[in-house]
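Two complexes are shown next, each including chain A; its partner changes from chain B in the first to chain C in the second.
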Partner chain A sequence: MKRRTFLQLGAMTAATAVLDGCRPANEKLIPYLVPPDEGVTPGKANYYASACRFCPAGCGILVRVSEGRAKKIEGNPDHPVNRGKLCARGQSILQELYHPDRVPQPLKRSGPQGSGKFTPISWEEGLAILTEQLKTLQREQATDWLALVTPQLRGTLAEVAASFMRSFGSPHHVSFDLLSPDWLKLANSRSFGNQSLPWYDLAETRYLISFGADFVESHLSPVHYGHAFGQMRQGRDTVRGHFTYVGGRMSLTAASADRWLPARPGSEGALALGMARLLLADSLYDNAAFAANGLRPETLLKALERYDLPMVAQLSGLSQDVIVEVAREFATTRPAVAMAGETVAFQTNGAESVRAIQLLNLLSGSLNRPGGVYPDGGAMAGPENSFGDLLSLVEVMRRDRIRVALIHGDPVHAIPQTTGFREALARVPFIVSFSTILDDTAMQADLVLPDHACLESWGDVVPLSSGRDKAIGLMQPVVTPVFDTRQFPDVLLATAKRLGSRMAAPFPHESYLEMLKGTMAKRLGARSGFDSETTWVDLLRRGGLFETSREQGKGYRWVAAATVPAPAEPRFAGDEKEFPLHLQVYTSPAFHDGRGAPLPWLQQLPDPMSTVVWDSWVEINPKTAAGLGIKFGDLVEVTSPPGSIRLPAVIYPGIRPDMVAIPLGQGHQGGGRYAMGRGVNPLDLVAVKIDGEQPQPAWNATRVRVTRISEKGKLVTVGHPEGSFRSELIEI
Partner chain B sequence: MKKSWLIGGFVVAVGAIVTGVAMLYSLPLDFSERAPVQPLMFSHKLHAGVDGIHCLFCHRYAAKSPVAGLPAVSFCMTCHPRFGLEIKELEAYVRDRKPIPWVRVYSLPDHVYFPHMMHIRAGLVCATCHGDVTAIEPLTRFVDLKMGWCLGCHRQKKVSIDCWTCHV
Partner chain C sequence: MTTVKVESAMQKQTSPYKWGMVIDLDRCTGCGACVVACQAENNVPICEKHEIAEGRDMHWLRIERFWVGEYPDVRVRFLPVLCQHCHDAPCEPVCPVYASYHNPDGLNGQVYNRCVGTRYCGNNCPYAVRVFNFYRHEWPKPLDNQLSPDITVRSRGVMEKCTFCIQRIRRAKEDAKGEGRMIRDGEVQPACAQTCPTDALVFGNMADPDSRVARLARSPRRFQFLEHLGTHPSVHYLKGGGREHA
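Presenting the complex of A and B:
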C-alpha cells in the first residue's frame, strides 16, 4: 500500500469514527400492540415452579419469567432432589426454548433421505400423513410393523407411549438410553430380588468408596448427590466423611476424593471381593447384617477364597498395602457405603462387578441404615435389558419387518454404530421424528413433528434415585409456545383419535393435560379429595407432589437363591498387541449423552478437568504420550477394531498409562449450528460384540491404538493447559 | 526564526482543537438526544395539559413496577377514532399491526437500577424528574441524569446513598 493511500484511509476511518459518535444514542421504546394479560406487569418478574427433564435425575426448577419470556432458571428449594441447587445443564434448558435452529413447525422430507431437505407443512397435513401410514399398516394386518423408540420414559408419558403401542398392536417399543441404569436394576434383582434403584445416604455416611460412580458429574442424580457430598464433608461439626475413589481415570468426582485408586479397567469387581475377603478374614464384618440377610460368614469366606490379596493386587494393578489400608478403613468406619458406577458397569463383567460392590454394603451393615443404602422411594418398574430390546429391534428392522418408526430423542447419535442401528434404520421406509431441533435422527426422518421445549410442556417428572420419600415433580409451561409445535404425548393422543374408536379407547382424556391431572388425582388417592382445581394449582405452585410421610417400603435383603458375585475375567474388543490402550468413554458434565451439545452455553462451558471448550479431546497419560511422541494439543488418530476418529490430545496425568479417555456428546451431523460438525463421537469406536460374549452395553470394553498425525489439533482451552491439574500432585 | 513560527503555530492549532473538543463535550449540544424527533407528533402538552389526563392513566405500571410502561397501541384506540379524534398515522400503525417505534428520551445505563414504583411510593411527583410535560413542547429532557444529580436529591431527602441502593 502506498503511503498516501494509507494516510487517506486512516483519515477516513478516523472521520467515520468521530461522526458516528455524533449520532443520537437514543434507544427505541417499543410499546405493546395489545396490553398484556392480567398478572403480567412489565418490569416485574413472575416465578413459575417446574421440573427439568434434561437428564433422568428430574430436579425441580424455578423459572423467572418477565413480560412472558423465560429469563433465568434456578433450583426449587422445596424440591427434595436438588434443594434449590441446579447444574449447568438445568440452567441452560432456556436455550432449548430460544434455540435459533428449533424446528418451528412440522416438516416433510423433500430431498433424498438423510439430505436434511424439508418442506414446512401444517399440523393438519402432518397428522394426516402419519395417520395414513398407520392406517395402511392396520389395513394390511401388519400392526407389528410399527416401532417406537424413546428414551426411558417415566410417569404419565410412559403410560401414553405404552398404551399407544399396545392398542395399536405392536410389541416394538424400545426405551433405550445409553446411560440408563439397567445394570443397577439387573444387579439388584439378582442380589436382592428387588429391582428398585439404590439411594445412597451420602449426607450421613462417614466413609464413602465409589467404584467408578461419578456422582458429581452424571451418576444417577448428580445435583442431589453433589449436595449430599457437601453435607458429608462439611455438614457436620465433628465429622468430615472420608472418600475413596476407584477408577482408572481421574474424573471430577475422583478429584474430590481423599484417595484415588486407579485400578485396572474391569478389575474393580475382583478388588471389591478382595476387600470383602479381607473383612471376612479379619472378622471386621457386621454380624447382625449376616443374620438379617440369612448368610453365613464362613461360607462366604470360603466362596471368596480365590480372591486373596496377591491375586487381587495383581489384577487391579494396585499395591497390597493400599488395598489392605482401604479395606480396613472401610470396615472400621461406620457407617460406610460403597457405590458402583458406570465405569465399572459398562465392562463385560459389569453386572457381577456391581453385585460384588453391593456385597461390601452388606458386609459393613449398610443396607437400609442411615448413612448406607436404601431402595429408592420413587418405585419404578422398567426394562432391565433395554439394550437387548434395542438389538432385537435392530434385527427386526434389518429383516425389513418395520415399515414405520416413531422416534423420540436422538438414537442415531447416542447409540454406538456397531449395534447396526443406523444401517437398520435406513431400511425403514417411513421415519417420524419428534425432535425439537434437526438432530442426527431428525435428519434421517421423513416427517418431523416437533415436540414442545421443556419450558413449554406439561408433564410429571419422576426423579431417579433421589431419596426414600416419593417425590413427583410437575412440569408446567412457563411461556406460551414460541413456535407452532405440539407436545409428543398430545400428538400420540391425536393420532390415536384419528385411527378410530378402538384405538382411542385407552385414551378417554381430551388432552395430555387432562390425563396428567387424572394421574395426579390417582396418586393423591384417598388421602385428599382431588375434587377441586385448587389442589392442582397448589401442586403446580409447589412444583410437584413431595411426600414426607415415611412409608417404610421393603428394604434390601439378600435373596437366598442369589449366588456369590463372581465377576469373570474382563474381555475387551481388539487384540492387546495391535490395540494396546483401553478406551474409556465418559459422560461429559456438559452434554450428558450428547443431548446438551446443541446448547451454546454448554458448548462454551470449560471441561472442569481439562478446561477444553467447543471440542472433543482424548486424554493420554504423559508417559504414554511421550512414548508415542504426542504433545499437548497434537492431532491424533484413535483407532479401534470397528473405527477410527481424529481429535486433539490432552496430556493428562490423571489417567492410567494403559488407558485413554474421550468424553461423550460431540460429533453431531445435525443438532443445529452449535453442535453440527463439532468434535467427534467416541461411540464410533465402541465395539458391542466382543468375542466369546453376548452383545452387551460394554461401552468401556474396547481397546484402541493412538497415532500422532500432526501438531494442528486446534485445541481451545480456557486455562493454562495444566492449570487445573498440577501433574506433580498426581501420582500414578 | 521560521522554526519557532512553525512550533508556535502547531501549539496554537493543538490548543484550538483541544478547546474545541472540550467545548463540544461541555456545551449542551445534544439537542437531538434530549428532544428527539418522534415517529408521531404526539403532544404531552395536549394530552396531559389541555385534556388533563393523569400520567398514570397511560403510564400505568409506574406505581407498581420498576418501569413506567408505555400505553399499548390498542390502548390509544380506546379514545382515538371516537370523539372525532381521527389520526391517520396512528390508524395506519393499528391497521398494519405494527408497534409505534417511539424514541426514548429518558434512559439510564444498565448498571443503574431505578425503580419507578419506589419513587412514586415516596410521594414524588412525576415532574420532579420529567419536568412539566404539560408546558414544554416538544418533550425535552431537561435533566442530565448524571449520578451527582440523583445524589443531590437523595441527600436532601435523607434517603440511602449506599452504592448498592442503585448499583445492584
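Presenting the complex of A and C:
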C-alpha cells in the first residue's frame, strides 16, 4: 500500500469514528459485524407430497427436500384429515429414515435365536432363503403352516398381503394392533348394523362429553380432532364449545376439559345410561330422533329403570349433583356429542359401555347432524375381533403347526405377554421380520428383510377417520433409499414370482408401484376417463385423491333388533385385597403403542403431563403415595397377577386414589440405541384372561399393588416435579 | 465510503414489520407438536437424559405445565414458552460482545459466531428461553442428513434461542421483494405455528393492524408473560376461557 493511500484511509476511519461517537453503541457496532438478517441465505428446497403411515390416522405430509435429503416434514394443507397440521410423531418419521441403527441390508441369524447376532447377506440370498422355506412347505403340502402377522393394513398393501396368503393357501393372516378400533366397529354393528367408524363433528358442536376418548393423544385421528377442537373452542365468534371428560385418569385430552369426572373404571357405561335415564325422565330428549330410529322413549325409560341416580352415583363414585348437572347441560345444549374411547372400551364390559355412550348421541338427536356424529366417509370393512384371530394363531403356533412366520411390525413388544404370543413364537422354527430397525421382533428373527422407511416407500394410505369426505393419501419416495432395503409388498411380489406361476397369478404387475397405479386408476376410473401418466403425476403432486362431494351418505340408524345396552359389572384380574389399585395403560402422545420409542426427538419430548423424558413412570395419586411412603421419583415395584416391573413414581394429582397409570411404548429389548433397554413395558402387567370372562382385549382390567423399593428412581423431568405454583403470575 | 455504509445500515433500523405471536391457551392442548417442529426446523440437538437432568435441555420451545388445586378439583394449565422477543429485552444490554441484539423487525437476534459463552444473557432472561451448548452434540450418521442447510449447527460454548424461524422470514422477504410487495398476512409462519394442530399459535406482523395476529392481540383475553417486568414481549397470550367447574 502506498503511503498516500494509507494516510487517506486512516483519515477516513478517524472521521468515521468521530461521526459515530454521537450514535448509540448498538447502531455503531452492529451494522459492521452483522450482515442484515445474520447472512442467512435460504437455499432452494423442493417439497414433495406424501402421506404418513406412522399411526392409522393417515395424515397428508409435505416433505422439504434439499440436495436430495429430506429435511423437514410439514402437514399437507390440502389433505382433509390434517389440513396442513401435523403431530409430534408425524414430524419425527424423518428420524425413521435417517436412524443410525437402521437395518442396512438383509440379515441372516448367526447366533442363537434372540441373541441379536446376524450376518449381512445379499437380497438375492435373502429371497432365496425365504423362497426355499416356502417351497418346502409347498412340497410337503403344508401350506397352512405359514403365518403372516401385520398391523391392520389398509388399501393396496392389504390386498397384496391377503392375496399372497390366499394363493399360498394359508388362512393364518393376523392383522392386529394393540389400539385398533375393533371395539368401535363391533359396537357400531351391534347398535347400527353398520360397522363404519364414527366421525365426530367437533368443530361445530357446542357440548362435547368424552368418555375416555383421548383424541389429543391417539384416539382415531389426533391431528384431525385436534384441529376440530381448536375450532370448537375459539373458531366461532360467539360460541365456545364446552368440554366434559369422564375417566379415572386425567389424560392429556382431559387436561383441556372444562370439567373432569373421575369415574370409577368400568362404570362409564352405567354412568351414560344413568344420564340417558335422567334425560328420558325429564323429557329432555330429541323427539324426532326417536321417531327416526324407531324407538319409543317410554320403552327405553322402562328398560333403563335400573340405572337410577343413587345407583349410578354409587357405581361411578361421583356425586349425584354433578351427574344431574352434566346430564342437563348435555341435553339442553344443542348440538351436543358424546365420544367413547379406549379407556372405556378396554374393560371387560367395554363393548356394551361404548354402546351405552352411543345411546346418548341418539337421545340428544346428534346422529347424522352437524355438530354430532356421522359414519366416516371412507368407510371400509375390517375385522371386529382381530384379538380373537391373534389368540387362535397363538394356539396354532403352540401346537407347532406353524413353521414359517412372516412378521411386519413389532408384535413381540406391542402384544401383552399373557397372550402367550412370545412363547408361542419362540416355537416357530423360521421367523422372518421386515422391520427397518432391529426391534424386539426382529431380534427373534432368523431372517430380516428390511422394509423401506415411510419416506422411501410407495403406497396408498387410507385414513382411519377422514371426515365425511373420502380421502386416500398417496405415499411416494421423497429421497433415494438410504440403504439397501426393499419395500415389504415388493418382497412379497418377488417371492410369489419365485414360487412359480400358480403363486404369481394374482400378481400380474411388475412391481408394487405398478399395482398401486392400477388401484388408483380403478378408484379414479370409475368416475372419469383416465389419462394415466398426467393424472398419476397430478395425484402425486397433490398427495392423494381427495373427494369433496357433499352428497349425504347413509347415516347411522338404530337397528330394530339391537338390544338396549347393558354393560355388565366390570371384572378385574387380581384380588382386590391383594392388588388394591386399578392399572391403566395409556398412550403417550409421543410413542403411540411403542413404535415411536426408537426416535430420539420423541424420547426427548417431555411428556406434557409429567414432563418426564427418556423414561417410563407410574402415576400415583398424592394421597395414595403418601400412604405407601412413596415420594416423587422413588423407585417402586408394580405387581399384578401375571408380572411385576420396577420403575420410578410420579406423584400425579389428576388420578383417582384407587388407580395407577403407566404410559405405553417403552421397555424395548431392541429398537436401536435410543429405545433399547429404556423404561419398562407395562403390557407385561396386563392380564388377558380374567375369571369368568372370555379372553379379550381388556388392557385396563388388571389390578396391581405398588411397593416402594428405594429413592433411586433416576427420574428426569423437565418441569418442576410438583408443578409450578406461580400460575397466578401468568393469569391462568 | 464507510460513512455511506453506516447510513444505509441506519436506514435499515426501521422496518415495516414488527413480528409477533399470539398463543391462545384456550386452544392449546399441550400436545407437543410445536416442540418437535421447532427442534426439526432449527437443528436443535438431541439431548441425552443426563444433560436434561443437569437442567441443560436445549429445546427452544417448551410447554410449561401447571397443576392447580387438589384431587378431585384439580386442573392442568399449559403454557407454551418460547423467546418472547422483548422490545426491552433484558438479554441484550448485558452481552459484552453484542452477540444478542435487536433487529429492525423487532426480533432478538443472536449472532452465534460472535458469542463467547459468558451466558450473561441466559442469566438475565426472566423466561429462561435461552439455551447454552454445554456439550458438543453429534448427529450419528446418517442422522446428520436431516440437518437443515439454512441454519448453522451451533458448536459447544454458544448460546442459542428461538429466532421466530428467521430463515423462513428471510425467504418470504426475498419472495416478496422479487414481486415488489410486502409479505402477506399468513405467508410466513415459524415451524411451531405452522404445525400446531389446534391453531393455538398465530404469527404475523404486529405493525399491520389488520393482520390476524394484531386482531387477536386486541382480544380482552390477552395478557403477557410476566408482564409486570416491563420487558414488552412480542408474544401475547390469550387466557384459557371457561373451566369454571374445575
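Worth a mention:
The rule is short, and it goes like this: the second predicted complex is superposed on the first by the 678 of 732 C-alpha atoms of A that agree within 3 Å, B and C clash if a C-alpha of one lies under 4 Å from a C-alpha of the other, contacts with A are read in each partner's own complex, and residues count from 1 in each chain.
Quick note on the criterion: a contact is a pair of C-beta atoms (placed from the backbone, for glycine too) under 8 Å apart; a residue touches a chain by one contact, two chains touch by 3 or more.
Treat the numbers as computed from the prediction; the structure is a model and nothing was measured.
With both structures placed on the common chain, the touch criterion links A:P589 to chain C but leaves chain B unconnected.
After overlaying the two complexes on the shared chain, residue contacts for A:K577 are found with neither chain B nor chain C. When both complexes are overlaid on chain A, the residue A:G43 reaches chain B and chain C alike. In the overlay built on the shared chain, the residue A:R3 is in contact with neither chain B nor chain C.
Looking at the shared chain after the overlay, A:V223 reaches chain C, while chain B stays out of its contact range.
A simple residue count on chain A separates chain B from chain C, and the partner touching more is C.
When the two structures are aligned on the shared chain, A:W601 is found in touch with chain C, with no touch to chain B.
With both structures placed on the common chain, the touch criterion links A:K522 to neither chain B nor chain C. Where the contact sets of chain A with chain B and with chain C meet, they give residues 25-31, 33-34, 41-43. Contact residues of chain A toward chain B in the complex are 24-35, 41-44. The residues of chain C lying in touch with chain A in their complex are 1-3, 5-6, 9-10, 12-13, 24-33, 35-37, 39-41, 46-49, 52-53, 57, 59, 62-72, 74-79, 98, 101-103, 109, 111, 114, 140-151, 166-171, 173-174, 191, 194-200, 223, 225-226, 237-246. On chain A, the positions that touch chain C within their shared complex are 12-13, 15-16, 19-20, 23, 25-31, 33-34, 36-38, 40-43, 66-67, 69-75, 82, 84-88, 91-92, 94-95, 97-100, 216-217, 222-223, 226-227, 229-231, 233-235, 240, 242, 250, 252-253, 255-260, 262, 482, 589-590, 600-602, 604-606, 608-609, 611, 613-615, 621-623, 653-657, 673, 716, 718-719, 722-727, 729-732.
Taken in their complex, chain B has these residues touching chain A: 30, 32-33, 36, 61, 64-67, 69-75, 97-105, 107.
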